[in-house]
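Read from first to last, the chains carry the letters A, B, C, D, E, F, G and H; within each, the first residue is number 1.
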């Protein structure tokens, strides 16, 4: 339904201005002064708004969560330090903190709706925080997740031992720091979409993940798309959209 | 079937060494000296090998194509200049050249198998070569494609006029140069996976597409993954895998 | 008038859907396939659409100009090489080419409407092409322009000799390559808005204008804003908006 | 009046050397040893000197303020941490600290002189410190300011709901981190000068605001000029010059 | 023995599937959940797995070491802070900490097997931590090491005084920060392989070692290869492989 | 023999000043005005001077070669375009041009002295020019070379099929562009020194080989050292030193 | 004499306004429209204006030279291609072209006034164009110059053989590309000011001279200052000021 | 005296081997294990070794100073934090700490030997630490210094008021952060060598001084050479060599 269609319906009395406005997504926000909470996100984007905790105070986060309506999936806050969670807890006693993922959920994780699964694969042990952010996000959005950790190419037989599990996924998230070569190797071995997440694990010319990012963007293997450094959440968001197609 | 399963089957006489070798994907190549053509790619990766024409001579490209077996989809060569195509044509009289896309196909484009479609959206007129590389690749892989061109955010009503068409796609490719803001805006309006392609259109601090790439990697909208600058082919490859899930 | 106001007016029969659609800026485009010409730009942005010639073929440019309605100011095309203009000329016999500015105008330059003027100041002789792009754009948008060229800080008395003319402007454009210090010096001497344009004049660590850009962004003088490298057009656009306040 | 005019007036006895010297802006400074306070700035640049607190000790800041003459607008200090303010307070009991803006004012904020206003628009909640630095600076310089916060493009209907307010401004400041796309979208919807401020909000390839800066410099929309990352003060300075034309 | 050879041997009953699997290096790992310890590394790569301590918790490191089988050389952990070692010590009472090298060994350093030696040469005193990481790694892998410290080119006679010792080595490691010129000078004076290690010693445009790295990659002298910034371990690993040829 | 030893020998009459000067490597040059040919390089560095053709005129190159004494290995010129070779040929009729390698040799390639060999491995067909520069240099220095081309990780079974040949080498050169992941994969599978050469093959964020370089410097596999982008010569020089230990 | 002193002298009738204006360096320019020739440069800066030919047309250069008054040293134009010189020659028949230096002089080179000399030292043959630009500039400014070419650190004995000549200079210019280590080595051996000039000679990570520049800025030797990449002119300008102290 | 001259003198018995060795600067070091103190630096480089305190422990610094022989100028240590000085003081009771300069001297500052002076000029108050490092170094090396602080171009009349003092210097050091334009402006007004020091004062795109560095390297004024960011010491070293010519 285009804007003109909506307008014609209003003119025809088939739609009230208020309903049309809703359809055009006008004013579906909760204005808190410091924040303008987007209440139509699930309808527009498939999943409800997720709170990025890094740039907000504990008070702001609690305020935003309290302004959000009941929703089918848990309210997810990412990039939340343990300290900030401790400050939040009195205001949100039902909140659960996920230490490695640095995330908080309010509301129970849904039971995955389908047998399709997302494989979350990491190169090393140091990539776990990003992997857990991705896995938890995917679970919060109702997906079944299989974790395949520490199978980097320095010992490539570790990857081959888990290849069947990876190949069985509907979409694969590959998470790697240092030189990020794992994405190319996995990409050359599967026929499903692969979302690569560079991590800031490394030193010197790793440039806080820039090297892994460049590796992934320039992969000689096909079927690979990339998200920002350490963006486990973003990878899981796209993977969830794909897994639930 | 893991490597150990295959080995057990060999030991049990259920599999010949040759068959096992095939299954382990050993030696499925055509070794031309200068090239080692990968003959198991479709089986492993969903689509057959595509030839990247930029770094190869006309003779090498013709040789590789002649070494490739008959396949269900056309043999696609990307990044092929008109000059190189002219040099190739005598050796490959059945080849078809696609000028804007800078691509060559050998074999007829398949009739799209399904009603699902991929939307290819561009910000400006200058993004057309990348968009056509993406669209042609997607068509060569058997997808229906909808083109939505020149709807950049400087005149955002042009985008809203096409929004229903974009929202109807199973996966959306957004192609933009300059500041690349179109990806974020479309990402905020749809609930399907979005693959963003930065283009090298721009000047000065655009840095040959780096600015658009960074924009897309840092989008405030979710559900966006990114490929290399001007990589229309790569975006279409991933989009095809998604569209055919 | 907000979207809701418009919708209420439609519901009340005070506005036809078509008029509302116009007001909401829907569908005011001329869709040429390769381009989607924005016909409401002047209404929205103060000046009509200007054609960026660098990424378009001569045929595309001619097509776009022919699709544009008559307008109060000349149709301006920037970044147009002499070769492309020669190819265009048969289709647009009324077009005028401005060699140094690398611009084309279709339609007479307007007589400046007011005594307020824009000063266009350059550091050196090599900055002239950018300066002329700026000056011509400002003139095409109906402004009076004063050119003050080659007054770089290596011989700062040249600047002081022209200071009264610069101070008399309503808005000042400072154009400089190399180290771009002129922007800071002028900025410290005037009380009007200054728009700085870095140029790609220089070599080595100039990095095609990056050094001048960084200088301008980090100026110790206040009242300076900056546009992209070599973007004379952009500086003139903003200066015109300011000069016509 | 050029230097030669001034000299002729001196020779003609129409001007004392001291007055001429004043006119030529020589020696209007207060030399504190560590600082050389510029006492003619308001006359030259429209607004009095503002103290950049980041690189100075509390003692230096207090000394500079005490050396400044009475002025029509409050003495503004930016980038002042709460700790440094606490150290300053005994020496400047009349000073007021603005926590979110990290600024200090000495002297009452002026009543805005005119109905013209500056709109300060942000993409997200995390951009508030920069926005408040801009808003406070504009108010200190005697402008009326309208704040429009958290209207980023991930939920673009939030922007459209505030569009009339933004369009009513004489000059608009758009503040955004992450990918900074809001500047382009607003720029495509208004006909007033837009000053874009990139913020260092983001992570990974955001590069502490570099991505937003590049986005803004390469905007496909016209009428946008840019200041340094997090430079709310600089944007407000230019906006004030424009708003008071 | 190729994969096909292995498979034929399995089919011929000359090799059990388990033995073949071992030969193909499948499943020789110890899966700890957070880590997948690579137990075939010494067989594949010449030396056993070394633990990179920087991205792991004390508990993870202790767990990995306890999962490793007895081996001929000590278990080496690099990039281990004194704090983390203190936390580890109760679990690994036999561990020895090497302060300057920031390394830990479990098991006695082997007596060097041969008269061939590795020279570890530094430009300055500040390069010692990297040099000691290199020297200790080489010793842990059974090499004799000669240390030649603080012979940078600012006082080049210091280098010439030690030249005979350097020339006597089978392989030379040159470690330098700042501008890293020592690598070129030594490279021009010896006829053995030289491995250059840039260090992050320096300030300003040193960019945390990037300058020294670039110097080493662009050396006008031949026979120089380079490792990552501060990567004493990596240099020693390659040098050990060479020294033991 | 240190400098002091040499001086004592001179004082003792055991060494003439001229001989001592030779030993101290003073004045062993052929000064051509524009060039100062280094005649003691083979004695100092293991192999005679090689001419880098890129920055020299044909006349200069011919002059340098004619000034060089007879030597045991052929005189090698690298980075020599076909055009420059054509200009050189009349002056050097015995010279042989190697097209793919862009190299010229004067004098016959030596028969390899030993069974030890260097493996030159490439990821793709486009890496051939760099690979041939490396292979030819190694051959000119008297090494046996095994070429293993086009075994990139997108079809990793191609690599495994050649693994025994690679593992048999005394030193391995891995040459790759795009994301350069092949170096890490090979590095994880062998126990010999590996020299990685990034190539400038790729586009967009490949940054003319920078991505492959960074990948190789940050490899999670050990035993890898790196040379400058496209520096096949440098890799072969170091490999030759190692192969002839 | 300060501005106030000048003004007092004007008031006292001791100085005419015109003379005062001259003293204050006002209006000593020749305004050609496209250029504003600085006629007081020699008085202010020690040497007359030198024309940077790269960004100017042949017509502009001829015009500027014809506008310049007779001066004691030749008029120097740098960065002048042979093509542009050919176009200039008819207008300036007395001009002399210096091929390697890419410079033109009008007027005879002065006989050096003093025994003090500037040493111009290069690392390699490819650095000659920059070295000759430096040497010619120094000669045009009346200095005696000693050229010491191709003494790079790969064969460091070549440098020691010329050390006495270098040490005898009053100021030394060191010119090097690739890794630029020569500056540090020379800097460690002399007690005179050293001006280092990085050249754009090199490839890959040389980044068109950036590596040599960084090396020189981060030198462990003292007494080194640096100019822009390939800026032989700038080095000679400063060296001339020093040599003539 | 060349190496060959020295050798001939040894052969002729005119020089003992030990004396020759001294002349060739062999073994004039004090080897402390962690440091190899260069005892011939003053003879070679004009001034004795200065200790860079940043990368050394308090114990190492004390050890080095105690190993240095008595010298005519004070022993200078730069980049020494107050904490490290406090740790050093018991071992070096005669040491004096200079707070703003972050330097320590052992031994009295010499009385300047001559009327020639070095001007140290800064743009702002925040540049003082670098300026004091430069001034103190120059004084330690026996120069008379004139400080001209806080005369940045935002209030350029402050500079003109001090111009006579600056012009009177034999060599000028200009220190500036932010955009660093002061160097160009001063460079255009004097006829003496100017050494520019960029400082890390600034934020955002200042990139810790990179912008000021680039400005200075690309100055349109001549006679400017540059040192590393914040390198007050290096500027003073070169300035001292020039001032004492």
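By our rule, contacts are C-beta pairs under 8 Å (C-beta built on N, C-alpha and C of every residue); 3 or more make two chains touch, one makes a residue touch a chain.
It should be emphasised that the depicted structure is a prediction, and the values quoted were computed from it without experimental measurement.
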Q: Tally the contacting C-beta pairs at the F-G interface and at the E-G interface, and name the larger one.
A: E-G
Q: With residue numbering as the guide, point to the option in B-E, F-H or B-F that repeats C-G in over half of the contact pairs.
A: B-F
Q.
Please tell me the distance, in whole Å, between the geometric centres of chain G and chain H computed from their C-alpha atoms.
A. 24
Q. When the C-alpha atoms of chain B and chain D are each averaged to a single point, how far apart are the two points in Å?
A. 48
Q. Which residues of chain D are in contact with two or more other chains?
A. 2-3, 24, 26-27, 44, 124, 154-155, 160-161, 187-189, 204-206, 210, 213, 217-218, 221-222, 228
Q) Mind pulling up the chain D residues that touch chain G in the complex? A) 2-4, 7-8, 10-11, 13, 16-18, 20-21, 24, 26-27
(Q) For a test of understanding, state which residues of chain F touch chain A in their complex under the given definition. (A) 123-124, 152-156, 178-181, 184-185, 187-189, 202, 204-207, 210-212, 214-222
(Q) Quick check on the complex: what are the chain G residues that touch chain H? (A) 1-3, 44-47, 50, 160-161, 163-164, 170, 187-195, 213, 217-218, 221-228, 233-235, 237-238, 241-242, 245
(Q) List the residues on chain F that touch chain G in their complex, please. (A) 24-29, 33-36, 38, 40-41, 44, 54-56, 60, 198, 200, 208-210, 213, 228-231
Q.
Applying the document's contact rule, which stretches of chain B touch chain C when the two form their complex?
A. 124-126, 128, 149-151, 154-155, 157-158, 160-161, 201, 203-206
